[in-house]
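Across the two complexes that follow, subunit A remains constant while its partner is subunit B and subsequently subunit C.
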Partner chain A sequence: MMKWLSTLCLLVQKEWRLEWRSKELFTLLVCNSILFAVLVGAGVSSAVLDATTTQKLFAMLLWIVFMLSSTTAVTRFNEQELEGRGFEGLLLSGVTGAQMYLAKVVIMTLFFALSFLLLVTLLSLSLDRNISGIIGNLFLVGFGASSALAALLVLLAAVASTSKLKGILLPIIALPVLFPVFLCGMEMTTDLVLDGALREGSPWPLVLVCAETMYLVAGINLFELAVRE
Partner chain B sequence: MGARGRVLEVRDVTKTFGAQQVLKRLSLSCAPGEKILLVGANGAGKSTLLRIMAGLSRPDSGRVSCDSCKIGLLSHHLFLYGRLSVRENLKLFGTVGGTSDIDEISERLELSKVLGRPVAELSKGMQARVGIARTFIAPPGLVLLDEPTSNLDEKGTTLLLGEIERGRAATNGKMTCIIATHDLHRLSSVATRVVVLNNGVVAADSGPHASQEIVAQTLDRYREVNR
Partner chain C sequence: MLSKFFPFASLATLLVVGVAQYFIFMVVPNEQVMGAVQRVFYFHVATAFACYAAFFAVFVASISYLTTRNKCHDIFGVAAGEVGFVFCTIVLITGMIWGHSAWNTWFRWEEPRLVTFLVLWLIFLSFTVLRNFGDPAKTAVHGSILGIIGAASVPLVYASIKLLPQSARLHPEVIEHGGLKDPSYWQAFGISVGGMLCLCALLIWVRYRIGIADDRARAINLQGDEYV
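And now, the complex of A and B:
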């Protein structure tokens, strides 16, 4: 078990180094966040919506922007594995598909969570919403949704990576499957924005945990099949 | 598990890509310690067979059983991360393979001066040496080499042959080596067996632990057919 975990740590380190050196995911997430936040802000301003309506729309706009930004950013996530076929070297060395998958999920979760934080800040500025009182809870919701998003997108990015149409294919197959995460995130954010706290007895945290567990089980068991020829 | 006394057994393996059947009910078994030269014209199925033996590709039918827990594969794909440095790559593959000492193999393969450089920035020849280091850093029980000398100069080839001998010594001579190559000039002398592939089937086999004379005769027959 210790060896399994230390190998996982090595793989997380490898993923971090690869991502930090290429900065592909990071750059795409930041650019998408800025672009979408500014576009949405400009659109809402030109629609001349009142403050109450904007407050009600905030959660929905935030999650639409976050889902679009994330799914379009991961299209090149597996490119570096395919370039030198490093993943085959790891499989030959005895690394399991589950370890490779989990290492990628950890790194992608981290980047998604950071981009969520950036997006919340930008969107609250462009929509003129004060969210300083709920930013901590909002980040927790974002982190939970980020890990669920990562759990599914790592698997789907591997499935789509050998397709010539991966740029188009990935968002098309990912967005419908990610609908539970979108709903959970939106409902919990609405509670936070309107009431300042999650509604008592809200089912959405449990739905999010169930969706994430389902994605993780699928990813752990299917990732190796997806990357092998 | 493979049959007793065999490190690898391939039985009735078939593989098709599109309309082309690359391997046709191919069977082959290898004993521990053999050094097999796998020869055949382009498209004969050598690389496909090696990938199936390594477990990286699935046969359409038939089965492959391997008694060796560690398999090393060296091919024109480096199986390395181009953006990581040589040191980071060797440390990663060494550690997951069970060894953390990268200095010794780096010195042997004369990689010490490029340890800090990203693999993608090295010449093809140096990249091939890093590939050799990855393959042999934790000596495998079965090593599969697909055109291993294609990017290597004389020095590189000598270093590769040295690593094969060192790997065999580390495994008490039990390391089995299968080399798919067209470079008969440089590699025929190391073989203890020659297997000729033609159109996805074994066309000739000198047999295990054949004498140098029989190995030479099998290679001569192959050269005549391909002349």
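And now, the complex of A and C:
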């Protein structure tokens, strides 16, 4: 078990170094967040919406932008390993698909959570909303959704990256399946923005945990099949 | 072996669907409030059942292909996915026709069950797109992976949309609330569900046979290329 975990730690380090070297995911997430926040701000401004309406729209706009920016940013996430036959090498050296998958999920969750924080800040500035009182809870919601998002996108990025459409296919195949995560994030954020706290007895955290568990189980069992051959 | 039964299965399906049409248009009385438009219900609910059945078939075929690597199971999964996509489209269209008559609008975003089926339609669409644009060498494996995830997420999609505020539900829950009072309603409903399930199975079978024939033709072409 300890050996398994130490291999996982090494793979996490490898993923981190790979990203540090290429900076592709980081750059795409930051650029997408800025671009979408500017577009949303301009769109809401031209629609001349009042403050109450904008407050109600905040959660919805935040989650649409977050989901779109995340799914479009990870389109090249597995490209380096696929181009250099890195997966084959790792599998031959005894590393399991589950370890590779979990290492990627850890790194992607970290980057998604950071991009969520950036996006919340940018959107609150662009829509002129004060979210300082709920930023902690909002980050927790964002972190939970980020891990669910990463659990599915790591697997589906491996599927999409070898297709004829390359990364463009990823949003098409991932977003419909991610619908429960989108609903969870939106409902919990709406509670936070309008009431300042999550509704008592809210079922959404449980739905998020169920979605994440399902994606993780699928990913751990199927990732090796997706990258092998 | 099974292909011997194909003509009989086709005839039986035609018969059941024909009887269902007879019941829907000739036997069932007009509903008091909505009138003739209510008859859409029999097509709508029956195709929804068939759609769920197709999703289940995709799920089973995908798991089966990944464990056995039998090409036939993959072809069956493709067939179920494509037929399911067509049935899901019919559910959406019939729902919109009914909705336009009942709510005076084609689609209501605050209605969870409509949105659920739209999401299911999108999952089927993504499955079909991946099958057509995926890496040819890996399409079977990748399609099966998406088939498993897509089908497994259906209960979660359904449950999560049902959790939306109660006030937003407009969709009639006819069966749950015992809304079919006249015995002929139940007869028509049962036969139409049976008919649509048979039709779905038959179409999957037809598509499966086309897939098998296509696969054989490809193999023969490859052999011919090698010979040349």
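By our rule, the second predicted complex is superposed on the first by the 229 of 229 C-alpha atoms of A that agree within 3 Å, B and C clash if a C-alpha of one lies under 4 Å from a C-alpha of the other, contacts with A are read in each partner's own complex, and residues count from 1 in each chain.
We adopt the following convention: a contact is a pair of C-beta atoms (placed from the backbone, for glycine too) under 8 Å apart; a residue touches a chain by one contact, two chains touch by 3 or more.
All values reported here derive from a predicted model rather than from experimental measurement.
Of the two partner chains placed by superposition, only subunit C is touched by A:211; subunit B is not. In the superposition on chain A, contact is made by A:163 with subunit C only, not with subunit B.
In the superposition on chain A, A:90 contacts subunit B only, with no contact to subunit C. More residues of subunit A are in touch with C than with the other of subunit B and subunit C. In the superposed model, A:134 makes contact with neither subunit B nor subunit C.
When the two complexes are overlaid on their common chain A, residue A:155 makes contact with subunit C while staying clear of subunit B.
In the superposition on chain A, A:7 makes contact with subunit B only, while subunit C stays out of contact range.
By the touch criterion defined above, A:119 lies against neither subunit B nor subunit C after alignment on the C-alpha atoms of chain A.
In the superposed pair of complexes, A:177 makes contact with subunit C only, with no contact to subunit B.
Residues 229 of subunit A lie in contact with subunit B in one complex and with subunit C in the other. Interface of subunit A with subunit B (complex): residues 6-7, 10, 14, 17-18, 21-22, 80, 83-86, 88-95, 228-229.
Chain contact summary for the complex, subunit C toward subunit A: residues 66, 119, 122-123, 125-127, 129-130, 133-135, 137-138, 141-142, 145-146, 148-150, 152-153, 156-157, 159-161, 163-164.
Listed in rising order, the residues of subunit B touching subunit A in the complex are 51, 54-58, 69-73, 77-84, 88, 92-93, 95-97, 119-120, 134, 138.
Taken together, the subunit A residues at the contact with subunit C in this complex read 152, 155-156, 159, 162-165, 169, 172-173, 175-177, 179-180, 183-184, 187, 203-204, 207, 210-211, 214-215, 218, 222, 225-226, 229.
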